[in-house]
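Dropping the structures in below, format is structure tokens.
In the two complexes that follow, subunit A is the common piece, with subunit B as its partner first and subunit C second.
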Partner chain A sequence: MVLKREIYKEFENIVGANNISDDEALLDSYRYPLMHTAIHLGPYYRVYTPRGEAVLLPGSAEEVQAIVKLCNKHKVRVKASSTFWSAWGYPMEDNTIQLDMRRMNRILEIDEKNMFAVVEPHVIGATLQAEAMKHGLNTHIHGPGASCSCLASATALNGLGPDTAYLGHHSENMIGAEWVMPDGEMVRVGSVGSGLGWFYSEGPGPSLKGLIRGMVGSMGSMGVFTKCAIKLHPWPGPAPFPTDGRPPAYKAVLPDNLMSYTLGFPDWEAWADSCYLIWEAGIGYVAHRQFNMFGRDLKGAMVRILSDPTKTLGDIVELLKDPEVQKMTEDMKRDYQIVLAGMTPRDIEWQEKVLDRILEKTGGWKVEGMLEPNLHDWSLLYMLRLGHKNLNLVYGGGYDGCFGIGGTPDFATTGEYPRVEQATDFKKEWEKKGNIVAAGGDGMMGGIGGMGGGGMTLWENFTHFDPHDKASTEGTYEFFNATSEYGKQKGWGPGMEKMNDYARWTDGRTTPKEIRNKILSAGGQPEALRYQRKFYETFNPNDLGDSYYRTLD
Partner chain B sequence: MALEDYLPDMERCSQCSYCKWIPFDQVKSWRFADGCPSIAYNNFLSYSARGRFAVALSLLNKQSTYTDRVVDIIYKCTTCGSCDVSDKICRYNLEPLEMIQELKIRAVEDDQVLPAHTAVIEHLKKENNMMMAPAAERGDWAKGLDVKIIPVEKAEVLFHAGCNYSNDKDLQATARTALTILKNAGVDVGIMGNEELCCGGRAYDTGYKEEFTRLAEKNIKAWKAAGVKTIVTPCADGYHTIMRLYPRLGVNFEVYHTVQYFDRLIKEGKIKLSKSVPMRVTYHDPCHLGRRGEPYIPWEGKEKKVKGQVIVYEPRKPRYNGAWGVYEPPRDILKSIPGIELVEMERIKEYAWCCGAGGGTREAYPDFSNWTATERIEEAKATGAEALVTACPWCERNFIDAVNSTGADIKVMDITDLIKQAI
Partner chain C sequence: MAVKEELTGIVSPENVSENPETLGAYSRDLSFAKPIQPKAAVRPHNVDEVQALVAWANKTATPLVPVSSGPPRFHGDTIPGVPGAVIVDMSGMKNIMKIDRRNRVAIIEAGVTYPELQPELTRAGMRLTMPLIPRANKSIVASLLEREPTLIPRQQWTILDPLRCTEIVWGEGNVLRTGDAGNWPSMEFAFERKQSAVGSGGPAQTDFYRFVSAAQGSMGIVTWISVKCEVLPEPHKLYFVAADRLENLIDFTYKVLRFRFGDELLILNNTKLACIIGENPDQIKALMGKIPSWVALVGIAGRSILPQERVEFQEKDIADMAQSSGLQMTATIPGGQNGKVLDLILNVSREPYWKLTYRGGYQDILFITTLNRTPEFVKTMNSVANASGYPVNDIGVYLQPLHQGASCHCEFVLPYDRDNLEEAARMQQLFTRASQAMVEQGAFFSRPYGIWAKMAYERDTQTTRVLKKLKGIFDPNNIMNPGKLCF
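And then the complex of A and B:
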């Protein structure tokens, strides 16, 4: 226990005795194991993030403000997290208090006319979506799924997800925020800051959106966001979902204006062409290469298992021998999922026709096996609610993404032997060693339309392993090292597997400065990171944040 | 299994937080999206399955020791199994509920106990019931009923009333009604009278495995000696214990909850529901009858890996995730009662919110237990129902107390009492 009792008492006076603890075991439930979903570093076997000095559960923005001011007074670092999905939200060093934003969990407003919601930090995708749908609206649910904080995604992280094609990116959807700055002052960003309500993040009022979040967000290292407004989008379906079926194979029979398809293509060029044509036509509500996260060879069997409550992973070997499953798997080799949502009967009719024309033009097809009603209704609910996102951990409990080739659809798919196939071959060789799941090399998942409904696709190659198994964890780490080297040789740029090496190091703490500088200098636009250093020094004068905020001296 | 056997689960827990919520596909509102009462009430991560995995790991690794807070984290769990259902939406190789039960068992073995539990367990050891009542009064609830007493007389079916129905004077009438309905339907039924003992289920869920085993072995011995093959119980807890826990001791009785038995008798025409009961009701799925009430499938085996690192089990391991609990029989009964309008709450069946009485929380944490029940009452009221109907005396007792403490305008009823009104 490092916090002096009198300091602890001061914090306790702010939140009340029931909302603070420095019990060691309790604090250990606020440590992130870096041996599995490390996002995106490691995995490091049996390494955990440092133990915080105390956990506080603030109940209001005023309490947060008082806590941050006290942190400044006593030079104690502060790290806030809402849904704790990944290592970003946990302390980096000793002398850090953890804020668990769970008690601030209200949806403060849903403005149906102006199509936005004002939320506190612990509102998650599933609850906001459920409430928005009652108003004929919907919210973007970002990649980590329905379990995660909407505010965290909108204010402090990337905010990309399968429905970005229509429902946007949370960096775009955020139309204002209440920010307790690192020095404890509070500012309301955007039009709300000038008392004009929540309608635009760039003013009239303080235009700080670029500073507080930029493209990737500050990941909890620059103060605490206590509320934000999120743009909502039309939902042409029922509320609530008419969910049916036995767990985990839930499905929803939705009206005919909502359709889910898995599209397959004869080659990668046709796959890429279809992306462009879809963007050009402006069809699609959700578009994502989703089920491929189970692996090219296993996804057919996995969708059968997941959509049938009598099945378990123990059925996978038998299912792989099933000719129907084999055919479906082959049909889905170069695939993605798309959900069409017609705002009117004419709209869905038109979208269907357009999709058929695109398939005709590219030689693609609707994967027949996925049209079977049970699978269709399962897949539709899956894609709309994104409530099964953590199936990326289904095999052994650990996963991380590698390669992560992001760019236009052509980036990974063109050429005599497309990059996606090169990456597949490379991973497939490593799968033979037995430390990662042998899924067929290609576990690449990602959005079909990453920015504003178009412009980018993502190829995060999911790699599955067992975090309890030392050989598997260390073997995965070796594989990621090799992947980075391979990417470098090929000139593909840095992969996602080491995306956060600049911030958190092998001991779970801050990356040593020399290494950090080297990594960040080698990345794009080092001058921008030097500029960010000035921001950091100005807004975080007592250095109470952490290295997730990218800066260079 | 020992706590150490769950070390792989502790390290494979992926921190996804699904354990806190009902399955996301079932979320219909912000208000009723919570699944785990423990984290919803206590807020610190440690009070979720995810947190308890971490706390258990910390203790096993000797990174921390028992403190008042740790003991609180361990016992302030209703063992309702909501976490288990939600975790298994995405995970096929984690057993959070089993781990939490083992964590409690370990705490008891380490003498980290709560005075409130000690008092109940000491009484249980002496008087064989959870209700602080004398053993000699166990059979009083059936006084005046013309019923066979096993083993003095033989009967095809043993009616096991359970501790609550035997000793809670507010609830005894329901047990009498249930027994009478069975008799009138022509069932050859008997009771153990004063010889009936607690099933031991509550002791197990509170961490007192030794006491559970003692009671289970005594019951098994008595029932075997009496030639009992079929047991019917109106207690969801008893149903779960006899069906899911007793087979671990190598015995299998044919066990039915009264809702299953009544449903069958109604469908066979042996119970005729002819009187109208004009009432709008909602039904609460007891955890032990619903998500924890799935049929027991014996399994002994080990983990193995296929396709490199896909964890499977040899032989194929049964998957308990609430998919096959007892959900339809009570609903079919309610639908067959003329005049009854069944309206569902948002959280039902495998993702029902707990009543708050389980796992020793009613005894040790009355405020938490009452809050949990009150949350359910609020949910029931939101349907516009006049009555919250259930099929478990523990749930009923907790709901009655919550209604009394909050003054909520809703009746709490056992389904048996509605059947009686309709006959």
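And then the complex of A and C:
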């Protein structure tokens, strides 16, 4: 224990004895194993994030502010996390206290007319969705799934998800925030700062929302967000959300104005054309290449297993021999899932016709096997709730994404040898080594939207491995080194598999400065990171954050 | 060295002016801002010139006031706040740098106006959503940076939409490209790879472009932006839903917003709509008596695939919504058929600027609230007007739902005869009283021009504290339009 007893006592006075601990066994449960799903780091076999000095469970914004002020006084680093998605939410160095925000879990307001909610940090997507649906509204569920914090995604991390084209990116949906800044001062961003409610994110004058986040947020390096307002969106279905079946094979039981399809295309250009056309027409409630995360060769069998409670992973070999499964898998080779949601009977009728017309224009089809009612309803629930994130780990207990080809649909798909096929072939070769799951090379999952109204697609090539097997874990790391080099050679930009190398290094601690500077200097505009250095020095004068915040001297 | 001589080392001589008449035009506008004569005006034509101007200003401690739109101007934001300033008139930067139909993006320089861009977009099968009848010489960059409301709330994914990427010369002299444009060495590099300037986030962990929005040129100078366009609508119809009580129209408008139906969606009172349709004061006066008290304008457009069918089903569904609010959706209102009014609201203003037609001058009070709260503000505005002896029937009201309905732009337009000094003095008093009353009632002055700045920042001292620190980072010598906002 490094924290002096009197300092510990001061923290205890803020949150109460029941909400603080420096018990080593408990602190070890707040460490993160970097051998699996470290998003996008490693994997490093049997390496863990550093142990915090204490963990605190604050119960209010006032307590958080008092804690941060005390951290400034004693020069103790602070790392807050709500739902602890991946290594981002964990300390980088010693002399760090951890804030577990789980006690702040209230939905403070749902403004039905103006379609927004005000939430505390530990409100998760599933909870907000269930409550919003009672008001005929819905919330965007971001990529990490329905069990993750809405606030963390909106303020501190990314906020991308399968439903982004209709339900917005969380950077767009965040319309106000209460922020305990790293210097201990509290600022409320947007109209709420003037005490007028949470309806507007900008101003007065220049917007401080820009300081909170850009493409991503500061990942817990720049203070603590204690409330935020999230814009909600129309929900034309019933509340509560009716479900049936046994998890993970449970399914939605919804009226015919909510339909889920898997669309297949003859080539990648047709696939890209369809993306542009659905955005232009403005149809679709969710659009995502979801089930391909199980792999191009395995996904047909996997959706059969996952939608049938009598089946297990052990059935996959037999299922792969089934001609019907083989046909469905082939039909789904270049695919994505789409959910149509009609606000009125006329609306769903029109959207169905538009979708058929898009398929006519592009030569695409609705994958027949996925129209089977049981699969349809299973897929519908999966896409609307995004509550199956455990399935990311289904093959070997570990996964991470690589390549992450992102941008316009054309970027990944055009040319005689599209980038998406190059990434597929590259991975397929590595699958032969036996350290990662042989799923067909293409495990590329990603949203058809990227921002409200659409505009970009992302291709995260899921790589499944066994984190408890040294050879598999190290083989995966070797593979990611190779993908990174391949991406560089091809001029695709840095791969997502190395996205956090600038911050956390192989020992689970801060990346050495020389390496960090080299990585960050190679980015698009180093000048942006020099400004971030100034923000850090200005608002975080006692250096209480960590290297997830990107800065250059 | 004389100022002109120094400036002609940066831009060509014909783009530097010390002409008193020219400078006089920059020294005042139609607001109550105190006129201050600048010492020179320059017209840069590229980012290098802008950057050199900013470097010179830092070296010589000369205030710079960026201006992109032509006159008349209305809110005092481009009037120098201190003597000795140099106007940086961006209206000469007219390049339409790229029109990307596939990704529905256009990249334009700071001086490009709506009438310059829209025909080019039309040729590519697109258009850009506009604010309500801007003047013909209004810079698109200025309009979007100042967060002027646009007409289609369902297409607003952020308050700043359709603004996406920017190139900014900060007050301390560095150039930064924001959004997707910040990810690549150059836009040409991006286009070669079939990328585009479509996403607004970043670069990195900061949305830098938000620092120049509603900044009144106090942080830096924006040289170009990218905008997200819509597919050119065809067919495109406009309908009216009229009501005697605003509350009834609000109920209807929320229904349309809830389903994210329709396209243009706004509420006007009879005075405001009469000022749009009427071409002279007499016509306006006559129309004010005929048009119902409140009218929602609902555009319905078809685009891309099955456009006719979209318009047809939404006509029926939206008519049903009107009926369920006890209202009727119609193709005409007294004095206006839908085609004529649609044409008016989708284009720039006739000359003189339409808001000036009725009385020759006006003041407006504009702020953000939520749609359900707008009747309270209307009541307060009328009450203050009555107390000041101002004719309530002359007040124009424009309510524009924003960000898919999460908030609402509320605008009161107060026409008056600005050549009548007595009337102008009374208007100044009314404007001040009404602004104060709105603040007390809970108006959020997101774009705090003139006297609103003090009112807005006094309410939010923490934001003021942080903004001042940011200003110190981006403009440490306070050369960018000093005296505005809280700077």
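Here is the rule we use: the second predicted complex is superposed on the first by the 550 of 553 C-alpha atoms of A that agree within 3 Å, B and C clash if a C-alpha of one lies under 4 Å from a C-alpha of the other, contacts with A are read in each partner's own complex, and residues count from 1 in each chain.
Criterion: contacts are C-beta pairs under 8 Å (C-beta built on N, C-alpha and C of every residue); 3 or more make two chains touch, one makes a residue touch a chain.
The model shown is predicted, which means the values in this text are computed figures rather than measured ones.
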item: Clash-or-fit label for the pair subunit B, subunit C on subunit A; value: fit
item: Contacts of A:Asp469 with subunit B and subunit C, given as first, second, both or neither; value: first
item: Subunit B versus subunit C as contact partner of A:Asp163, first or second or both or neither; value: neither
item: Touching partner for A:Ile107 - first (subunit B), second (subunit C), both, neither; value: first
item: Contacts of A:Arg31 with subunit B and subunit C, given as first, second, both or neither; value: first
item: Touching partner for A:Asp442 - first (subunit B), second (subunit C), both, neither; value: neither
item: Subunit B versus subunit C as contact partner of A:Asn390, first or second or both or neither; value: first
item: Which of subunit B and subunit C A:Gln532 touches, first, second, both or neither; value: second
item: Contacts of A:Ser171 with subunit B and subunit C, given as first, second, both or neither; value: second
item: Contacts of A:Glu12 with subunit B and subunit C, given as first, second, both or neither; value: neither
item: Distance of closest approach, subunit C and subunit B, by C-alpha atoms in Å; value: 22
item: Of subunit A, residues touching subunit C in the complex; value: 111, 113-116, 136, 168-169, 171-172, 175, 181, 185-189, 191, 193-197, 199-211, 213-219, 231, 233-234, 236, 276-277, 280-282, 343-344, 346-347, 349-350, 353-354, 357-358, 361, 407-408, 410-411, 414, 450-453, 455-456, 491, 493, 523-525, 527-529, 531-532, 534-535, 538-539, 549-550
item: For the subunit C and subunit A complex, residues of the former touching the latter; value: 102-104, 147, 155, 157-160, 174-177, 180, 182-185, 193-196, 198-216, 218-219, 228, 231, 254, 257-261, 303-306, 309-310, 313-314, 316-317, 368-372, 402-407, 442, 444-448, 453, 456-457, 459-460, 462-463, 465-467, 469-470, 472-473, 485-486
item: Sites on subunit A touched by subunit B in the complex; value: 19, 21, 23-26, 28-33, 35-37, 46, 55, 57, 83-86, 100, 102-103, 107, 123-124, 126-131, 145-147, 240-241, 243, 246-248, 250, 252, 298, 309, 312-317, 381, 385-391, 393-398, 431, 434-439, 464-469, 472
item: Interfacial residue positions of subunit B with respect to subunit A in the complex; value: 7-8, 11-18, 21, 23-30, 33, 43-46, 50-52, 54-55, 57-59, 63-65, 67, 69-70, 73, 85, 88-94, 305-313, 316-317, 319, 321-324, 350-351
